[in-house]
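Chain lettering (A, B, C and D) follows the sequence in which the chains are written, and residue indices restart at 1 in each chain.
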Amino acid sequence: ACGGGSGDSGASTETQGASSEAPKAAGLKIGLAFDVGGRGDKSFNDSAYAGLERAQKELGAEIKDLSPAADGSNRGDLLRQLANAGYNPIIGVGFAYGEDIKAAATEYPDIQFAVVDSASNAPNVTGLLFAEEQGSYLAGVAAADKSKSSHLGFVGGVENDLIKKFQAGFEAGAKSVKSDIKIDVKYLTPDGDFSGFKAPDKGKIAAEKMYQDGADIVYHASGDSGLGVFQAAAAAGKQAIGVDSDQYETVKEADLKKVIMTSMIKRVDVGVFEFIKAFQGGAKGGSNTVYDLKVDGVGLSTSGGFIDDVAAKVDEAKKKIVDGSVTVPAKP
Amino acid sequence: MMPARLQRTLLTLAGAAVAVLLAVAISSVAILAAEASPITALEAMFDFGDTQAQVATAVAFILNRAVPLFIAGLAVAIGFRMNLFNIGIEGQYRIAAIVAAFVGSQFVLPGPIQITLIVVVAMLVGGLYALIPAVLKVTRGVNEVISTIMLNYIAINLAAFLVRGPFTGEREAGQLTTSTPQLPESAWFPNLNFLFEMFGLPAPRGGLWGFLTVAILVGVIIWVVLERTRFGFELKASGLNASAALASGVNPKRMVISAMVLSGAIAGLIGMPEILGRTHAYGSNFTAGLGFLGIAVALLGRNKPVGIAVAALLFGFLDRAAAPLQFADIPPSVIAIIQGTIVLLVVIANEITSRMSMRQEERRAARQLDTTSQAQAEVAA
Amino acid sequence: MTTSVAASEARRVRRYHLALIGVALLILLLSLARVVADAPDLTSSGTFAAALLLAVPIALAGLGGLWAERAGIVNIGLEGMMVLGTWFAGWAGYQWGAAAALIAGLIGGALGGLIHAIATVSFGVDHIISGVAINLLGPGVTRFLSEVLYAQGTPAAEKGAGITTSPTLASEAPSVSLPLLSDGPDLLGKLESTHWFLISDVAGILRGLTHDVNVLVILAVALIPLTFFVLWRTAFGLRLRSCGENPWAAESLGVNVYLTKYVATVISGALAGLGGVFLVFVTTKYVEGQTAGRGFIGLAAMIFGNWRPGGLAAGASLFGYADGLQLRSSQAVTGLLLFGALLLLIYTGAEVRRRLAAGEPGVRQYTGAVAASLAAIVLLWLWMTVDKLPNEFVFITPHVLTLLVLSAASQSLRMPKADGVRYRRGEQH
Amino acid sequence: MSTSSDTLAAAPPAVELEGITKRFPGVVANHDIRIAVEPGTVHAIVGENGAGKSTLMKILYGMQRPDEGRIRVHGEDVNFRTPSDAIAAGIGMVHQHFMLADYLTVLENIVLGAEPGKGGLLDTAGARKRINQLAESHGLRVDPDRIVEDLGVGDRQRVEILKVLYRGARILILDEPTAVLVPQEVDELFANLRELKAEGLTVIFISHKLDEVLSIADAITVIRRGTTVAAVDPASVTARQLAELMVGSELPTPETRESTVTDRVVLDVRDVTVQRGAAKPLLEDVSFPVRAGEVVGIAGVEGNGQSELIEAIMGLQTLSRGRIVLGEDDITTWSTLRRREAGIGYIPEDRHRQGLLLEAPLWENRVLGHQTREPARKGIWVNRTASRKDTERIVAEYDVRTPSIDTLALALSGGNQQKLIVGREMSGAPKFLIAAHPTRGVDVGAQAAIWDHLRTARAAGLAVLLISADLDELIGLSDSLHVIYSGRMVARLDPSQVTPEQLGGYMTGAIAEEQS
């Protein structure tokens, strides 16, 4: 549960569309261990799974995915079981795998590992990092440009460092447009209490307050709780920004769809697939691959066409980040 | 008479066995409903791997999982013995873990001393945190169920505050988990891999946490305390009949406080195996929920240390099956169903068997009464 | 005898008036704190709407607990039953709409209650053990069902289900507002936005409680007096309560104790399930883990409320209010400090006056007052110096408040006498 | 043997029990019982403890089902599955132990199961009216709106009878209704019963108190060891004869032979006052000494402060005023434990509530209250070997009938449980013993044994405070007798001079105090 959005379909349709004929690699066995919640969470985990499936289709790999126990106490065991069963490479989804990957990597030096959202910490571990702050920066730019009241909001699911990256980028982006813009921030639960990703009712209350106070766009990084943010936006006749996947595509209700101005997309599927492809090409771990704006590892969705009018400004901001003239802070 | 006691034990065991079988049968129905084969599921559960190393790893996993569950069960059982419902184990072990992990990282001493100090701090903090509901109950009559529920939430927040604030440690670049500073190596509890080597097995991966020894020691101590000491007797008496205990000079307030504090102190140990044996710090990935599982384990083990140990091993065994079941394409949540039904059915079986043996005992008592009165009648005549 | 009836009647009237005066005083203080601390959220309609939203599932779980415990069955399995309620509501709701969700959620919770009844009533299992087992089973079973029914490739998954969520409900439960006052011309809303002392506060509170209210909220709120009515004013209620007080006496008078306990426990489960349905209605779908311990909080609210519907409602409201407040505004939480200080000052004043009037000179008699005024000073100081509490301390506002109120209110809680007692037909205590 | 055969022709008996047999695991509670109860009479059933009286009545009331036998009510065969069947047949029962929900009101207790009103609604006003009517017409006055918890025993008894009358029962079963009543209340009850009888109701009445039985009953059935041994006419039998029928031996008497009172004061209670809140004191200025070798009896209607007095001496109740001195020591502020260690023994009034761990084996019950003393303790440990050995001793000396000391206490009969408690409290050479209702609900054999033990200990210098509802026991055992009324000691009497009736007069406040 790492602050996912709700849906992979946007990501996966795209990847399927982009499928190319790949060499059938015999004996490529990829293991993947999910974070708490497991496959089918319509979020972060599913996005990773989309990458895995793509590898299966395009690279002819044999795949296996495992979900951990509800308390996450058997993450290390899942990695070991995959290793014992001959899977290589093995991917851990979520920053919570950092420590366990390190341990497993030392125990199985001949196997390549990757961990999403955490840095490499062993020679055979690849860190798949995402520049959420950069994507969020763009969301901030778009929001500040669109905001009439010069008042924005941010709802974070769980107050941990991952979600704070979203907040930091969003604030920086918004302030780059209007330095005096007001941004309300609310987290739903403290670090260690993951119920903040599963509390749409609380998300709704928090966002409602922001809209009542005058905010007209609220950005959420709160997993399933984002649903409540959209509901509040619809009720207030205002707008919201989705996260992780293109939520305009994944949210089914028409009334909620139209409040989703844009989504900050985090391409975990791309990260996973690219890692596998690189592995096949003989790449070894020990370093991080950063999926940032440069490689479109993060970005803004445009479905619905709500931000078409500010597209130029967003593109400009993006350019600045890509060319390094703007560095986005990762901490608020 | 010994045979009566033996009979009681045998009856209990038979009941438990039947209950476990029944639970497996019920879960099999669920597995069938999921269009999978219960046989495959059973095979997966008992499949510890092909190589000796894998078997060793599996056994170590079960034991490593069982240790904190066992300690949690003990902590719960102490309160339960006197009908004190400490739902707050969850919060107590979290606060104890973070404070102990932080304190332990602040100095370096020879291993045994360092570890002892950390363990003592954990017990102290756990005990102190449990003192709050105890004092509220004794002085203000606040029901411990509510206060401990509230204190659990407070503990989560307090720990979150501490770990990102005053107690936060250095982090590797790119690591998103927050944690306390790493413990020095002297605080790393040596593992027990040599046990496997003694049996000619390879060392398990991940290692068998050395805290197992402490858990066994604590188990023995708790058993002795509960079954053999005056304190244990007073605890039992308070639980069986509070007003009789009161009239017998047992101070109920002192019992509430000492049972709660002891329970909290033991709870303080729950996080130690993981912190001293694996993570060497308290972080945002800290395993939560052991306090609640501890309640199930304690109840399954009938609040007795040996029973709790068996129950903890059973839970450990089932939890290990999560991965193999998924390899066999069976939904792993079957495990939760098995655990729930086992708890329920074993307890029902307990109830039935204990009623059976009690009835037997009454019959014997009545028979005795009959024979003596007959004998007397004969003497009188 | 008639005099005593009159006396008890008078007592009731007095208590009722006292409660009214107490509420009025609280609102006055809140509005004072609102003005002084400049924390409009203390009495805003938004806060009270949020409080209602958050209090309802807790109150429903608490009502579930009340029904069971009044019949002598301790129900710690409310959480598990609530989880069952959410899952079944989501599952039926996405296929057949809100009404089906309501029924399915009720049935799901009731099933949990039935298991609890079988274990505790028929087999005499310790109530706590059975409850703990249900708390294990609830999430396990629902997760399993999701894994089977919502897996990829299933029809549900096509409609947007995942293993942690159901598809969206096919239809939503309607909401209503009070015409004129909180809708349309929205007179209360207008009054609220004037920010007049007291008047806007009352308007805000009323509007929060009447604007855009889900029908299930109305049902839930109605269930509180209804529960009181059924349990205290009907024959069935008397029988039910007698099972919680002295089942042997009930049995000896021809009450079918087993049946009554079964009915009570199943209703208890159904009410917890209804709490789950409400959560699903709010989120428009089932989300795994959305109960987030509310079953336990409900249990706490029930104990807080002294095993009575009114008290339970007060406990749930307190919790819901504090939670809503903290979700909306950290600044308002600091405003609560001021409110607390005011309350303590009033308490001190009343205490000193009473002691003086009683002519008690002892120093020890004043310790309470002294402690209260000290605490008031600390709170005032905190209010003036702290401008932003760490979020973690904001999150725990409802829990701390519950604890404080419980420890401050001198305890005269009295649970049903045979609550949690194993009852076997024909056996006597 | 029977006088009822003459009337048999006129009307069928109200109740006829034929060949009733009921077996419990290991016990035959009833065996081939035969009783015929004539309508409009008071029919007494007597028998020693455990004879099977209550079981028989529970069978008649549908609470238990007989293994064999037939029941006929007004000549018709009946087959009761539950009490409601019996209630429907016009039978009502007042149980040996009160069957009241303490936290409910009198009204709620009375109407429970037969609630008036339409559509499930409780018609409280109607019920109140009917109860008041019933209460008026039978002289059973209680306030329907009071909480039962606040009522005294006499009131509770009346509530129980009202419960039965409210259901329109024509046949009343009263299982030991007088055990907890003082003579005046018994007279009142009997007046009520006669009135009911006059109205044509049938009463089945169970009691151990044979004088009472002789004064009220129109017919008597004697049960011994679960079977009917005789049906007698009260007019032609004496109490002594009845008793011999019951037990097959002579009645024991609690007469104390010669005085063993010394001058040494062991326990001195001085001006003890207990007050909770602003209410009337529960105990007010109570003072009396207890000397070595002396039995001081406390007589009083239950609820007049006896429990508080016991609790005050045991340290379970804080004093508002006054002191308690044990030997040389002022023990007013001592904990219960310290008092016990200093040599206070305690036979509690309710053995199940305060005296035993029912689910623990006998030897652990031996440890209870002695957990800090030899032989039960060794350092911080419970001395299991010594405790077990000493339990064996008690079992032998006090004739506790049990298969072993590992038997759970709940498996023992009440009398044997009581003997175990007496043995436990006598061990460790106590200086002072509180004996609260030491023989309540204990059969004659065990009663005699317990009295013997008390006498022996008294002769050895033990100081005893005896609280009992059994006035014969009080008069017979005590060296001096105090009457407690409404929390105050109202009279000090000489047990050799006083009659139970006089005593009852003081206890109910009917005779005002002259001097103390």
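To be clear about the criterion, contacts are C-beta pairs under 8 Å (C-beta built on N, C-alpha and C of every residue); 3 or more make two chains touch, one makes a residue touch a chain.
Computed from a predicted model, the values in this text were never measured in an experiment.
Participant: Farthest from chain D in C-alpha centre terms, which chain would that be?
Facilitator: Relative to chain D, the chain whose C-alpha centre sits farthest away is A.
Participant: Which pair, A-B or C-D, has more C-beta contacts?
Facilitator: Looking at A-B and C-D side by side, A-B shows more C-beta contacts.
Participant: From the mean C-alpha coordinate of chain A to that of chain D, what's the distance rounded to whole Å?
Facilitator: 75
Participant: Averaging only over C-alpha atoms, locate the centres of chain A and chain B and give their separation in whole Å.
Facilitator: About 37 Å separates the centre of chain A from that of chain B.
Participant: Take the average of all CA coordinates in chain C, do the same for chain D, and state the distance between these two points in whole angstrom.
Facilitator: Distance between chain centres, rounded to whole Å: 45 Å.
Participant: Compute the distance, rounded to whole Å, between the mean C-alpha positions of chain B and chain C.
Facilitator: 31
Participant: Give me the residue numbers in chain A that touch at least two other chains, ranges are fine.
Facilitator: 70, 159, 190
Participant: Using the touch rule from the top of the page, what residues of chain D touch 2 or more other chains?
Facilitator: In chain D, no residue touches two or more other chains.
Participant: Which positions in chain C are in touch with at least two other chains?
Facilitator: 139, 143, 147, 293, 392, 395
Participant: So, with touch as defined above, which chain pairs make the list?
Facilitator: According to the stated criterion, the contacting chain pairs are A-B, A-C, B-C, B-D, C-D.
Participant: Under the touch definition given earlier, write down the residues of chain D that touch chain C in their complex.
Facilitator: Listed in rising order, the residues are 61, 63-64, 82-84, 87, 93, 95, 97, 99-104, 108-109, 111-115, 117, 120-122, 128, 132, 143-146, 163.
Participant: Touching chain C in the complex: which residues of chain B?
Facilitator: Listed in rising order, the residues of chain B that touch chain C are 30, 33-34, 85, 87, 136, 140-143, 145-147, 149-151, 153-154, 157-158, 160-161, 165, 292, 295-296, 299, 331, 333-337, 339-341, 343-344, 347-348, 351-352, 355.
Participant: Tell me, which parts of chain C touch chain A in their complex?
Facilitator: Touch list, chain C to chain A: 41, 44, 46, 50, 53-54, 139, 143, 146-147, 150-152, 157, 159-160, 162-165, 167-168, 212, 279, 282-285, 287-290, 292-293, 324, 327-329, 391-392, 395.
Participant: Applying the document's contact rule, which stretches of chain A touch chain B when the two form their complex?
Facilitator: 64, 66-74, 76-78, 80-81, 84-85, 95-96, 98-99, 103, 107, 117-121, 127, 129, 159-162, 190-193, 288
Participant: Provide the residue numbers of chain A that touch chain C in the complex, in ascending order.
Facilitator: Touching chain C from chain A are residues 6, 37-43, 46, 70, 159, 186-190, 194-195, 198-202, 204-206, 208-209, 212, 224, 227-228, 231, 235, 250, 252-253.
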